[in-house]
Amino acid sequence: MSSRSYRFVTNRGAPMQEVRVAQLDPAVRDYDEGGSGEEVTLRANEAAWRVRRFAPHVLTGVERAVTEVDLLGARLAAPVLVAPTALHGLVHPDGEVATARGAAAAGCGFVLSTRTSVPIEDVAAAAGPWWFQVYAMRDRALTLDLVAAAATSGAAAVVLTGDTPVVAPKRRPTPGVDPAAAHLAGLRARTGRDLTAVDVEQDPSAGTDLIRELGRVAGLPVLVKGVLRADDAARCLDAGAAGVIVSNHGGRQLDRAVATAEALPGVVAAVGGAAPVLVDGGIRTGADVLVALALGADAVLVGRPALRALAAGGADGVARMLRTLREELALAMVLAGVPAVTRPFPDVLHR
Amino acid sequence: MSSRSYRFVTNRGAPMQEVRVAQLDPAVRDYDEGGSGEEVTLRANEAAWRVRRFAPHVLTGVERAVTEVDLLGARLAAPVLVAPTALHGLVHPDGEVATARGAAAAGCGFVLSTRTSVPIEDVAAAAGPWWFQVYAMRDRALTLDLVAAAATSGAAAVVLTGDTPVVAPKRRPTPGVDPAAAHLAGLRARTGRDLTAVDVEQDPSAGTDLIRELGRVAGLPVLVKGVLRADDAARCLDAGAAGVIVSNHGGRQLDRAVATAEALPGVVAAVGGAAPVLVDGGIRTGADVLVALALGADAVLVGRPALRALAAGGADGVARMLRTLREELALAMVLAGVPAVTRPFPDVLHR
Amino acid sequence: MSSRSYRFVTNRGAPMQEVRVAQLDPAVRDYDEGGSGEEVTLRANEAAWRVRRFAPHVLTGVERAVTEVDLLGARLAAPVLVAPTALHGLVHPDGEVATARGAAAAGCGFVLSTRTSVPIEDVAAAAGPWWFQVYAMRDRALTLDLVAAAATSGAAAVVLTGDTPVVAPKRRPTPGVDPAAAHLAGLRARTGRDLTAVDVEQDPSAGTDLIRELGRVAGLPVLVKGVLRADDAARCLDAGAAGVIVSNHGGRQLDRAVATAEALPGVVAAVGGAAPVLVDGGIRTGADVLVALALGADAVLVGRPALRALAAGGADGVARMLRTLREELALAMVLAGVPAVTRPFPDVLHR
Amino acid sequence: MSSRSYRFVTNRGAPMQEVRVAQLDPAVRDYDEGGSGEEVTLRANEAAWRVRRFAPHVLTGVERAVTEVDLLGARLAAPVLVAPTALHGLVHPDGEVATARGAAAAGCGFVLSTRTSVPIEDVAAAAGPWWFQVYAMRDRALTLDLVAAAATSGAAAVVLTGDTPVVAPKRRPTPGVDPAAAHLAGLRARTGRDLTAVDVEQDPSAGTDLIRELGRVAGLPVLVKGVLRADDAARCLDAGAAGVIVSNHGGRQLDRAVATAEALPGVVAAVGGAAPVLVDGGIRTGADVLVALALGADAVLVGRPALRALAAGGADGVARMLRTLREELALAMVLAGVPAVTRPFPDVLHR
């Protein structure tokens, strides 16, 4: 990708549409696009979906693929949500409000990051079905307050990020981009308290008991994000989780963590249908979504594609990206003879 | 390949002969050469044949390899047919007439596409053994009329394309090339009816019951093209198919569909000799053909090589390409100690 | 790497810090960086760590990773030692004194090469926990004298290099760099004897009986370096070794020897906890160290990174490189949910 | 390789010595260096040796590796022979006389091609232990006469090429190089008969009965060259062969034939020690030789390296190349702890 352009990644666009974003700061782009360590996992995520091959059916009479799905009580046009990512305000003046509006317009879910550029309440007002992502801050009371506020504002679920006991340093330098400082400033403004950087940094002592605590405060289902192991999935469910999100934080935390497409089947087997299993990391096309669903995911989340679409086209860009993803998924389903996302179809993958 | 040249792909030419086609429209070339999605399957098809290795025999006394074969009642000089592809008139003024003539001259089969540039009857007059490819149009009566006309004109079999409930968008832009419009115009002229685009587009509701319906109307054997799965092969035979063609539409329908060389063995095993199994996709040399036969195919089809040869040399070019392919196959057979294509020789593949 | 620069290889540096060493002789750089044969093993060593993937845990409550470890009686800040390499004086005027000082400052171990640029006693005075590496010279008495001197000077263990019955020629020409001559000159000066090149060259007749002989002379534990096979590990322990170091001499002896990451598990299984198993070769980041420990190594050694750090920054450079490595390891442990290096954690590797 | 240079391929030379041969005709170079088809097998041969990894022993006390071996009654300095290749006169005025002299000087075997540039008797006078390669010509009497002449001149064995029922076309054009014509001219001169091209071309009807016929005429052991299959090895031994040579004709006959390193183990297992198994194809270094021996070969043959050395340095060049190969082998053996080539050492390969 050239230094100042974003493109929608779609199969349908022929050729793929490229939108130049002349005003985008290279440091912001590197902050959003980069990963930790040697960016091994960042690259591996995308590749792991692409190596899978389909064994499509012929002459099935599937006229229209049903992509609609119910997820934790919400009806979605497709099993796709916008993943929680920090500071949408860096790429668009309306920040998360625009992203949430785009997701709602496309009938997809939206997960708001704790590190939002915009107050929770403002986003909630613009959103369709949305969830709130949280991590354990050292100031536990503040953590719980935020979750309670999200619940009050209408969040339908809480997503607890489990893979970030500390924030891993990133590979690429991003001069002038300081998400921790922006986060701290936002929380000071929100609370009127003289919070310190330590108060709001990740609390590595957090364990699975936090799952039930969050659920109690919010009165909402809690999903754990960052699960890459079968035993951890079981631990989280045992501790009260309503679902798990297979994720390696988009290659931004432990570099060389297994690609999510490779971790997914083990987690699906461990959960055994007892709760929703979602997945993110490197999903860029409808074919990627179809692979994820075939491997047993109930839904997927897309992070960087949403940021790119937001940067390129605001709320409309986000909606368009998500609709394209849904159309690509529907097309791939029809071509593969898969009638609906609501029933398992593991055999659509070759071998 | 440079933008305006085609070459015959042969082992024997040393170096491979390159024929410049200065007048070929880049959009036409991209229409013929391109694929859907990210063109993963397009590339995978060729590669999957090339990775296989031979374990040739020594001192067998095989003096001449017998490539002749009977296929559905026709005697072919080699188990090779020209695959159905659309609109040969785009690359040569004589269109499918020239292609059919070239195939006949080389003693190979020809499969005429529904999307022919030239009336069925004109092609039939020029052809040797030929089959007619059809897909289910929304106007079912028209579909059956075309098949009946093909049967009347002397087609020896019907090939029902099963992998195209809808036409997948292609990767490369092809400004000015509109196969659907050309197809519609041709059918309007043929029928004298005011057909709409919807009438002649693919009917995704078509199921395997269409196999027997086509057979009844045509009084001909029906092969299903696009089969990539063992269970689908069995379904098609149960529904009356006289054979199956393992194909992913040359990488033009579901991208990331399994390469045909990888799908072939499972289909062969499922069919178990009960009917012919053909294969296409990425076959470019006689060595590719030998691999396909060793994996259990009864014959192969070549699509893009025929279009390239047609563009470069008309009917003579097509004949020359097919003869070269036959010679390459015969040479590889002699070198491998395989006396004839009519008996299985799976052990010529290493491991 | 450009011809006259070294860089610290770290995950944390973002971007990785590059230090130009304008005065470094290219022949010295090639002597340190190169390998034998076609440098297949040199390259394979690094790659073999990087292909492994982690399956990190979530929500473990691991607040701080314990990297401290006891190794053969010494307390190390991390299970990391500087590997024995020849002639540090080529890259820094203080030679091994600076390296040893840097290792001590970082709390890591140091293994002094027989081919030291500086007298053993001077290095000993500067070092923290240190071991002495020796190979069997044809002058056996001299060999034993050196080991005895090292023991007297405070070495905590002897490392017997077992993979060098003769010195393999290197791939890259290094005009003006003659380690054998430098070594001979140093030993002549030390002993006052008129030693010949043959006296001090490798004695290929050396067998495992030398292990006990060295142990007796030194009164110290003896580890064998260069072990790549399970049966050799058992042979060495049976012959009195106190531990083994899985190594292929950094790709400088038998080219195409198996990468150490691939040899390690078999050796670990053969040793079965009866003695420490260390490993070197291609370890460049804390993630590499974590892989090695997960595969069962008790500690790792780094050679070229220490030389690069010494060239770039002297003792401070070495200390900084080692501290960075320790920090990277600790970070990866926290992110993976591994609380301490002292207990096995094989399941942190995916599959 | 640049267009007019040859280099000795050695591990020991550091850097590898490159000898420019300004007068070498590019068509000759392409004739010698090229292969058939798409040159897949040509490339695969070299790669298949290089991917294997060694598991060397430590502290074995092996002081000097014994590379000497007895092969079919001859004592060789190393288990290495010059493979039969056509028309050495193209690259050196003394042709096969120089090659044979070089091989003798190095203590290695020499296999003279039927397509020799020089009369058999002249080569015999210059050679050490040598064998005569023959293929079945359509003029069978002539075939037998040549073999008888070779036997009379002192050949110690006959090598029957079994993989060439017809000569495969080569990939690269070689204008002005016509080996068949040169061969015909040589045989006309030798016999004084008005032979035709057909008389001396390959006879594809030849079977394994030719093995005993050649043995009877020559009174010599007959080895079959080109064996890539276990069942063929058994067939040849049953038909009287004294040994087999695993070969794919250096990638010049059936392209995509399995690499010899991959075919070797199956042949070795089938022969089970009942006769010598030799191998050629892509062997370029002593490490390659060690892999071949570890996989069970009794000896190896090198073709292109001999032609390159002949072009670069005549008889001395050939001797030097072979000595280097022997030295590389001996070095690798000492480093791996392999004392002699006369006893099996399969476990020196990792896994």
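As written, the chains take the letters A, B, C and D, and residue 1 is the first residue of each chain.
One rule holds in what follows: a residue touches a chain if its C-beta (ideal position, glycine included) is under 8 Å from a C-beta of that chain, and two chains touch if they have at least 3 such contacts.
Only a predicted model underlies this, so the values are computations on that prediction, with no experimental measurement involved.
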item: Joint neighbours of chain D and chain C, given as chain labels; value: none
item: Superposing rotation of chain A relative to chain B, computed on C-alpha atoms, to nearest 5°; value: 90
item: Rounded Å distance between chain B and chain D, as computed from the means of their C-alpha atoms; value: 43
item: Inter-chain centre distance, chain B versus chain C - centres from mean C-alpha coordinates, in Å; value: 61
item: Multi-partner residues of chain C (each touching 2 or more other chains); value: none
item: Interchain pairs in contact, sorted by label; value: A-B, A-C, B-D, C-D
item: Chain B-touching residues of chain A, taken from the complex the two chains share; value: 11-12, 14-15, 50, 52-64, 285, 287, 291, 331-332, 334-337, 350
item: Chain C-facing residues of chain A, complex; value: 36-38, 40, 44, 160, 162-163, 165-166, 168-173, 204-208, 210-211, 224, 226-229, 232, 235-236, 248, 253-259, 262-263
